[in-house]
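One chain, chain A, links the two complexes that follow: it is found with chain B in the first and with chain C in the second.
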Partner chain A sequence: MLPGLAVLVFSLVVPLGFSVYYSLTDWDGLGAYQHVGLDNYRAILTDDPVFWRSLRNVLLLLAATVFLQNPIAFALAALLSRLSARASRLLRTVYFVPAVLSLVIVAKLWVDVFNPTFGILNKLLRAVGLDALAVSWLSNPHTSLAAVIWIILWQGFGWALLFYYAALMTVPRDLEEAARIDGAGRLATYRHVIIPYLAPMIATVIVIDVISSMKQMELIYLTTQGGPGQLTQFLGVYLYQKAFVTSEYGYGNALSVLFVVVSAGLTLLVHRGMRVISR
Partner chain B sequence: MKITAFLVLALALLPTVRASAQTKVTIKMGDNLPDRNNTWGAIVEQINGEFKAAHPGTEIVTESYPDQPYQQKIKIYATAKQLPDLFKFWSVVSLLKPMIDGGFVAPLDRAEFESLGYLPGALDTNTYNGKLYGIPVSMDFWVIYYNKKLFKDAGIDHVPATLDELYAVIPKFKAKGIIPMTTDGKDAWPLSITFDQLVWRIAGEKGLPRQALDRKIKFTDQVFVQAARALQQLVKSGLFQEDLMVSDYDAARNLFGQGKAAMFLMGSWELGLGTDKSFSDEFRANVDAFKFPVVKDGKGTVDDLMAWYGGNYVVSASSKNIALDKQYLVFYAKRFPELAWEKQAALPAQAVKARPSDTPVARSILRIIAESKATSGTPALDLSTPRFKDDNENAIRELCSELITPEVFVKKLDAAAEKAAKK
Partner chain C sequence: MTDRGTPRATGRRAGLAVLHVGLVLFALMQLFPLLWVFLCSLQKSGDLFGNDLIRVPTDPQWSNYARAWTNGQFVRYGLNSFIVVTASTAVSTVLSFCMGYAIARMRWRGKRLALGAILMGMVVPIHATLLPNFLWYSYFGLIDTRLGLIIPYVAFTLSFNTLVYAGHFRNLPAALEEAALLDGASWPRILWSVVAPLATPATVTVAVMTFLTNWNEFIMANTYLASDDLRTLPFSIIRFQGQYRSDYAAQFACMVLVAVPALALYLYFSKHIMAGATAGAVKE
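What follows is the complex of A and B.
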């Protein structure tokens, strides 16, 4: 109990305490600083459109993960669970490849695919006569957010599939058989038997999605760095930039404290929601 | 028995261990030159090698990252009190001042560097409160590099002298599938320097951005609106690579070096393109540079040059071997100009002599600086607070992504300057 508590205190409470302390200062990370009370928080909440945009982008990414990536991953996992063992294993490996690639490689890969002049995507579009669609995906204000969200979903897809596949493997055969005997069709079996059975697992995946959406940082940093303008800005990148690019260390710490608050709030909400649904 | 033997052995070994610990000194260095086999980085490696040979027992460990990540890394190291002993940084007015104020940088002895051929004012840019804190490395100014062969292939026989002529070459390159010009749009500072250059070309008066930062004039004045319009027009015209706003320094440089782009908008520190072995012989033989064009009806001339002293080397105040670090800097200051010019890798902040063997691009660089009538000093984005720099870059990004109009852009710039002036 005590060692566990000590780890928790030193790895979580103490750093968070420092963050809270610095968030109340105007420290630039180097020299002397002054205490400014809640000024940083006030500025973030009332006078910082970039903060709200990056929060909105996090929620958009979360929505895309939960409502696009997860259902597709679930459907595919369900299909895979019906295939022969060999075919299923091969396909699972293929789908999981993006998840084991280094983030830097994934980012460079997609930056190249999306390259407006030499990228394969625009070459394909032009080849089939869709020249009008061949835009500069990552720097066009209309497509940049969708493009980075796509890359994140693409990379995370393997994990979602793996979780759901593993979960589906735990569904007892007799449960499905009982449903079939009772006259339930395949879809009805999924809807009324399998999905409710897997609800705790689905909740876990969604909590993981919340966490990974919140802390999304590296991929944005490696592709758009929040641009063009601040259209693809995410909280993780924004607080890093504030602390270490513009040397507003105090402000960056205030952002990170809010970050923790929002993450904790979202996680609680998901838990509460799932409890209501599974009831 | 065994224990006694072990103790004897240990005691016998002790002096040697102590001796080697005494003579072995490691200098930790940091810089923004990740390529250690070509041009600038290779020269630093050579200087390091020579210094180690002259100081037996000295080891030099270097950490290198590309420019912007490097700047951030140094700030993180400073915050965590883990700065390298010796590191490359930027001039006092921009990034170095807070480091000096915070007591992170050790003062140097100016007398040791006075006689080493520094260009007029070069050491002054690194002097603060009467003390020298860093030694400047390069003389930087804004030019356009171009590929003579691609110009010839597109049927263009002279370099654009005006913006209109620049616009006129765009379709000629595009017809050949060549990108007319590249630059680093992701990091935005090259576009910000270009904006300053345009302001000067239009107004014919130097230092207007500085006056606006000092709040003597406003960024919302007409000349800034005109310059913003001109900059946005350059991007809109299709002059640059399509993904300008997300392509970084290396991406832009590689497009040019690999012959996919005809021009590269960048500083004189890229004169090493003429000797960079990572590109083809054909490219190296054809790369040259010309002056940033003039603006129609503008009052500025082609010889009003955006020019300043670039990075510098500083010594960390927490280094354990400050004396040795300083010896290294003197050694570096003596060797760098000679080697940099011999290898045609950079234009040092110290005087160099033209030689018959100079590459064409190096000759052009020397000619451009020799012909300049006035120089700007540090670009505006580095003249104020880090926050202003970031605001400036973000506003430039929005302007060049066509998210805001030139009128909104200058308002944002003015608000950022106002905020910085209050600090």
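What follows is the complex of A and C.
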């Protein structure tokens, strides 16, 4: 137990303490620095549109996850639970494949699919005569954010499906039978019996969605780097660039601290909210 | 099925057929980009820019793979990955086994605090720790060393693994351990020869998932490693974005090569991985 905790403390707790300390300075990574109090935080919160845009993008991603990806995953999971064991296992294995690939591969893969000249997407669009839609998806300001969110949803789809499938497996058979006997159709059974029964588990999946939306960084960093013009900026990427590209260690640490606070706060908030709703 | 043949049933069956088509379409959507990458990996670079939607390679260019292998530094990066990932997987598995046991079976002071730290490990994004850890590890000279990658790889898989183990232990009866304790066996002995064999399914899940996670990990390796000698496998793909930028076909081949070990591991252990992926979530 102790060595395990020691590793956690060494790599998580102490560094975050560090972060708090340096976030109160104007250190640029070299030499002397001054204590500037809460100036970094004030600057971020009142005078940094990129921070707010990053936060907004995270929330957009979360909304897309909860309202687009999850319902589809739930519907497919419900269908899978009615297939034969073999077919269902095969399909689940297929759906989860993107989730076991390195994010570096996933990112490069979609950069290639979206590539304006040799990418398959634009070739496809041109083949069906939709030349006007064949844009350079990741660098066009109108499409870049949607394209990035699409990549993240695609990669995470297998997880959502798996969570809902596992949840559906816990529904007792008699519950469904009883609803059927009472004359409920299939959709009505889901709406009035199964979904309310699964509410606590659905709430858990949504909390996991919050955590994983906050944690998205690599797929953006490796595709758009937050561009064009900071349009696809996410907290993780922004922080990374401040820290390791422009070496604003003080500011970067303040961003780190805020990032942790926002992550933990939002998770807690959604967790509480979900508990109230699902009761 | 008494209403077979009535218009309503036919309608319902048609609806079901549509849904099944949807299932297969989604499966295609998840796989198609990968198949496309594979097809591209066998073409000549110049042919990739043609107008054909999909070219089935009549003359597969396996030499792309040879170039990907050498220019992508596969042997060196692969070996680095293997060392770092194996070490971190072993350590993380052993530590989380002990922690999971302590949480599920023992009462001790500070348990609440420890649970808080574990939960924090689940919620805090790795990216928020990159900068402070970079500074902190520098003090110990851990930047640009294998150990400096192994430590965070252990730390950030520990929380999830501990919860998987704890969940598993809660479902195990304690009778066997109590019997062993009464026979006068020591704790390490009980853990090793009584508890560990019972925990094998959880151990397989934990080990495979940790291995995969760290095998695929990029951003920490990108941050904490500076020298080319230590880099891990995902950097093979990154390499092609610099020096060998124009060798498109080999880039595709390189992606396939990097994907294959992870895919093979996944297909072989898919049952354990899928069980483990949901273990944490559903039991909460």
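Here, the second predicted complex is superposed on the first by the 266 of 279 C-alpha atoms of A that agree within 3 Å, B and C clash if a C-alpha of one lies under 4 Å from a C-alpha of the other, contacts with A are read in each partner's own complex, and residues count from 1 in each chain.
Keep this in mind: a residue touches a chain if its C-beta (ideal position, glycine included) is under 8 Å from a C-beta of that chain, and two chains touch if they have at least 3 such contacts.
What you see is a predicted model; the values in this text were computed from it and never measured.
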The chain contacting more residues of chain A, comparing chain B with chain C, is C
Examine A:138 and indicate which partner it touches, taking first as chain B and second as chain C; both and neither are also allowed.
first
With the two structures laid over each other on chain A, which partner does A:259 touch: chain B (first), chain C (second), both, or neither?
second
Please indicate which partner A:223 is in contact with in the superposed arrangement: first for chain B, second for chain C, both, or neither.
first
Once the structures are superposed on A, label A:117 by its partner contacts, choosing first (chain B), second (chain C), both or neither.
both
With both complexes superposed on chain A, which partner does A:241 reach: first (chain B), second (chain C), both or neither?
first
Applying the touch criterion given at the start, work out whether A:34 contacts chain B, chain C, both or neither, answering first, second, both or neither.
neither
One more residue to check, A:127. First (chain B), second (chain C), both or neither?
second
In the superposed arrangement, does A:249 touch chain B (first), chain C (second), both or neither?
both
Once the two structures are superposed, pull the chain A residues common to the chain B and chain C interfaces.
117-118, 244, 249
Chain B partner contacts - residues on chain A that touch it in the complex:
28-32, 111, 114-118, 136, 138-139, 141, 223-225, 227-231, 241, 244-249
Given the complex, residues on chain A that touch chain C span 1, 3-5, 7-16, 18-19, 22, 72, 76, 79-80, 91-98, 100-105, 108-110, 112-113, 117-118, 120, 123-124, 127, 154, 157-159, 162-163, 165-167, 170, 201, 204-205, 208, 211, 214-215, 217-218, 221-222, 235-236, 239-240, 243-244, 249, 252-253, 256-257, 259-260, 263-264, 267
For chain B, which residues are in contact with chain A within the complex?
71-72, 75-76, 78-79, 98-99, 101-104, 179, 185-186, 241-246, 260, 386-387, 389-390, 394, 397-398, 401-404
Note which residues of chain C are touching chain A in the complex, please.
19-20, 22-23, 26-27, 29-31, 33-34, 36-37, 40, 48-49, 51-54, 95-96, 98-99, 102, 108, 114, 117-118, 120-136, 151-152, 154-156, 158-159, 162, 212, 215-219, 223, 233-234, 237-238, 248, 251-252, 255, 258-259, 262-263, 265-267, 270, 273-274, 277-278, 281-282, 284
